[in-house]
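What follows is a set of structures for review.
Okay, so chain A shows up in both of these, paired with chain B first and chain C after.
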Partner chain A sequence: MDNLLWRSSKWASKMIAMVIVCLALCWVIVPFLWAIGNSIKTHTDVFRRGAIIPFLQFTPTLDSWKEVLGDPQTLNCLFSSTLVGVGTTALVLLIGTPAAYSLARFEFKRMKSKDITLWFLSQRVMPPVVVLSPFYILLAEIGMIDTWTGLILLYSTFNLAFCVVIMRDIFRDVSKEVEEAARMEGASLWQIFWMIALPLSLDGLIVTAFIVFAFCWNEALFASAVTSQHAATMPTLILASRSTRGVDFSSAGVNTILAIAPPVILSFFVQRYLARGLSFGAVKG
Partner chain B sequence: MEVNELVQSKAERGFKYALLAPAVIWIVGLTFVPILAAIRYSFANYALGEGITAYVGFSNYARLLTDGSFWYSLYITLIYVLVTVPIEVCVGFVLAWIITIGVPGSKYFRPILTAPLFTMEVAIGYLGVTLFTDQGGLYSTILGALGIHIEWLSTAAGGLGAAMILDIWIWTPFVFLMSLATLGAIPSDIFDAAMLEASSHWQVFRHVAIPLAWPVLTIAILLRVLEGFKAFGLPYALTSGGPGTSTQLFSVMADLTTIQFTDFGRGSAMGILYLIMVSIVITFFFKQMRKRIN
Partner chain C sequence: MAIVELSKVSKKYGEVLALRDFSLTTRDGEFVVLVGPSGCGKTTTMRMIAGLETVTEGEIKIGGKNVVGMIPRERDVAMVFQNYALFPHLNVFGNLSFGLRLRKVPKERVAEKVRSVAKVLDIEHLMERKPRELSGGERQRVALGRAIVREPKVFLMDEPLSNIDAKLRVEMRAEIIKLQRRLGVTTFYVTHDQVEALSMGDRIVVMSKGLVQQVGTPKELYNAPINLYVAGFIGSPSMNFLRAQMNGDGTVSSGENVTLVLPQDRAAAVVRNGISDAWVGIRPEHLMIERNPGATRNIIKGIVEAVEPQGATTILQINIGQEKKIIAQINEQWGREAGEKLSLTVASELIQVFDPKTERAVN
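Here is the complex of A and B:
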């Protein structure tokens, strides 16, 4: 970006801009630091006034880390979260991407592909509490409460529409000429999809996968409703710590970091297309 | 030649339907059928293990509509959305503008400023307890030093306020990210030319940047409103709806009704009523999306 605007701005407005950015950076970073601070405090230090700066105001300890990482339930939940996240992402991409390609390339007889896309979108913006009862009952009836499969089934449903809408938008950027040329060379429709369109849309595919994974990782409403022990994910574990242990906030501090870190760290690597993905393709860029 | 094309288009037809069908069937089966099921349950009493025990007509709805706590939870959810979304939009857009015009180091700020967007809401809710507690919480300590004493976690207003502050922390990056992408897609010549014409920076921001970004900003706002109406994990982890039921946002209340008290008939009726109310926003959203999707 050319900086003419910046160079031609007045000294005072530059100062204001810098102050705002610094404040914003502090505002964003402080809770992360506080979470790390909590995880190295003792339980009493978490609720002691004036225990803010490590070493100066409290003695840091790794006890909570040892306790939490030694607890099989935590490791179980981390494993569940990962498995459900990866499983859902794979399933959603497997079913959603072909549909997206179909909607991006072809027209349909009864409905315009644009309208079918909007139909998919309608599913995504609906508040999930609407289907809380029927989903719970469905899973209860087929005996899938507290199973990984049940959770993957639910999460795939919530994310499928998202994948279709966003991948359609990305496939539409793949130039038709390339596909036409491949067709002239005798490539089948399937080969064009699999060997040309898909590799050319890899960036978009990665962002879609990331957003789906982050959704599954962070989802709390259905996770806490349909899992309790065996298939409990991190949000369930964190919510449950309130009732079972009267909330031990120093180990909750460790859980917080374990829960927050994976998607946040992954997000640093997928900055491109992120805005486009999150806006269902309304933003190009 | 004609036969060839016919064969090809037939293959094409098979291909496009084969690719599309699984997704359509999945969504119909696992979204539209459940919504119909929810409508059915909302007219019934449902007991786990026994199934529907009785059809009760509109009684689930009637009990809800005459229940003060139902209206109260709708009311505070509305307040929640009306407070958080405008702040998130203004702050997010201004930050995006500052980064776009090229504050030194802006390249590195973007990933940091977007990080909260991907944090787990329930984890942030718990973190919020330690930030806002009057026993050594960071924010209450800082505000206390400034002479502001608020009972964050023991009053309805304080609990909602704390939840809103954390909501703003998580979701401002969403608007920031959208705005950044939109402003970045506008050719910088436009801003340069405007800067030569305009008398102040503020005028460029007000009369060039905002109007050009407005279409996308509308969609960002509507998406935020829709997501705001779904708020669950953060307020639930922060206050568990308390003290009493004073901070039970709609999704929290629906979750407690359905899962804790296993009142599926009432829970379904709540969901259906909510869907009807939110559909006003959804309609606006669709009008805007129709223009953007090609």
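Here is the complex of A and C:
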């Protein structure tokens, strides 16, 4: 390692650091290994003691993969998750960014922008389960139980608050003078938003989109309450692995990997924005 | 090109008065410099002309049309910002063409205009670069180019040279003046630097605490400052002020080492106004070393306390007794030393007199 601080550290402290890193790695990696391991075991191997290392202690099989991927419901759930995730993200950004921009740039007469933002933030503090029943009844009333639209609307209400709070901070970091320069050049409010503020907040926008998408992708509580078949998402499928015969760990393993993979792959692409965006304006670029 | 008229313009932020009764009518194509310390209201004035700030009271006309209440787009003015405010995500071409594209100018025409402006400013080779890849001077040129390319009626420049180094600043100063003369566009230029103001403006507006102190040509401001504030603000080093007693015979004295003969018109004005003691102002560069030991007229005697060679000239701090100091800028290169006794003299017509009560010049 070339880091001077690391090089000048004592041997013992280096050891401690290494141990901590290893522990953290185990913490993160073991569940993945567990899911991968289970996905290539037979139902009996899952419960057999000492069946840990493939080829040595058990014979790996792709039966569960074939079974899960052959099931139209899995593909349907993957599609639902993708559609609901993308749809929610699009809707949230469409409504949330202009709202965030106006809160970042204007003062309202009756209520301060800061107070409105705080109110938005309070929506995130409330435990979601509180509104589970009302939302169910509401969706049932308008006939949107087990529909993609219903789920998108539902997720949008949660994520809108998040998007507004985060994007407001990001827009506040856009130089006012640059926006004024655009105004002097003859840009209207919408043109300033569209041609200046948004492109200059692209990092934050991508990170916000990613987080909103990940939330939708991972959400299980509401999805399992308001969907059953048609609009069911991946997390509900994993929950459904628990049947009358106990938990089907092999297919749960496959489903877990299927559910984890897309956000992980996506995060590789947005990684460079994540590092910058997650500091949320701590360092001005 | 347009005449800009400001009549009794005031600006309040809540209860704070940032600008009071600003009135000024420019000539067509005039270069007007607003100068003053920070917080004097000069930038506020400019932003009101731009349309970035609302007007609390008064009227602003551009080309005979009242623009109060109009958005910047309708005013047809262009502004150069202190930190350039280039669009960081657009390259130089994108920056220069931004306003034209918003106005739906045909593409070929945009390219043509941008090219010709880039040629004038010598930034043709930078077209593809982003602002962060440019040096300070280059950014400055792009910011100027963005203002020029639209051919606006009025240019507004808010301390555009304060962020670049001293040598480049002098060059850019000359370049801006040349450009403005060539384009003949009425220009407002804000600066806190009086040297910049003197060297650039056709007319200068000296401001302080939201009030206009004096409007005039550089020559007028330098030779006939209207009050103590302007006298002290314009010129570098600042004017020396001495509290002096009127002697009744047209002379004034300040302590035993200073006796000055006032020019006749000023002496008469002093008598007319019944002033017994006044502030006398002498510019450091107007003081000369008196080499004739027998001279008695307009003599200031003192001891050199500090010597600051400036290259061509030398600035001397001179103690003239009673803990009073004056600054003299003399046309000598080196050779003066601290502790040396000196006699200085000044031409009578260069002596300014100010009424201590009103702080206004006595003429």
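Here is the rule we use: the second predicted complex is superposed on the first by the 258 of 285 C-alpha atoms of A that agree within 3 Å, B and C clash if a C-alpha of one lies under 4 Å from a C-alpha of the other, contacts with A are read in each partner's own complex, and residues count from 1 in each chain.
Simple rule for what comes next: contacts are C-beta pairs under 8 Å (C-beta built on N, C-alpha and C of every residue); 3 or more make two chains touch, one makes a residue touch a chain.
Just so you know, these numbers come straight off a predicted model, no measurement behind them.
Of the two partner chains placed by superposition, A:Trp194 touches none, neither chain B nor chain C. Of the two partner chains placed by superposition, only chain B is touched by A:Pro98; chain C is not.
Set against each other, chain B and chain C touch different numbers of residues in chain A, with B touching more.
Contact with neither chain B nor chain C is seen for A:Trp65 once the two complexes are overlaid on the shared chain.
By the document's definition of touching, of the two partners only chain B reaches A:Trp34; chain C does not. In the superposed pair of complexes, A:Ala182 makes contact with chain C only, with no contact to chain B. Contact residues of chain A toward chain C in the complex are 175, 177-178, 180-188, 191, 196, 199-200.
Across the interface of their complex, chain A is touched by residues 11-12, 15-20, 22-24, 26-27, 30-31, 34-35, 37-38, 41, 46, 48, 91, 94-95, 98-104, 106, 109-124, 126-127, 129-131, 133, 135-136, 138, 141, 169, 173-174, 177-178, 180-182, 184-185, 188, 191-192, 195, 201, 204, 216, 219-220, 223, 226, 229-230, 232-233, 236-237, 240, 250-251, 254-255, 258-259, 264, 267-268, 270-272, 274-275, 278, 282, 285-286, 288-290, 292-294 of chain B.
Here chain C touches chain A in the complex through residues 50-52, 71-73, 77-79, 81-83, 85-89, 98-99, 102-103, 146, 150, going by the rule given at the top.
Against chain B, the residues of chain A that register as touching in their complex are 1-6, 8-10, 13, 17-18, 20-21, 24-25, 27-32, 34-35, 38, 46-52, 95-96, 98-99, 101-103, 105-106, 108, 114, 116-118, 120-123, 125-138, 140, 153, 156-157, 160-161, 164, 169, 172, 189-190, 193, 214, 217-218, 220-221, 224-225, 234-235, 238-239, 242, 247, 249, 252-253, 255-256, 259-260, 263-264, 266-268, 271, 274-276, 278-285.
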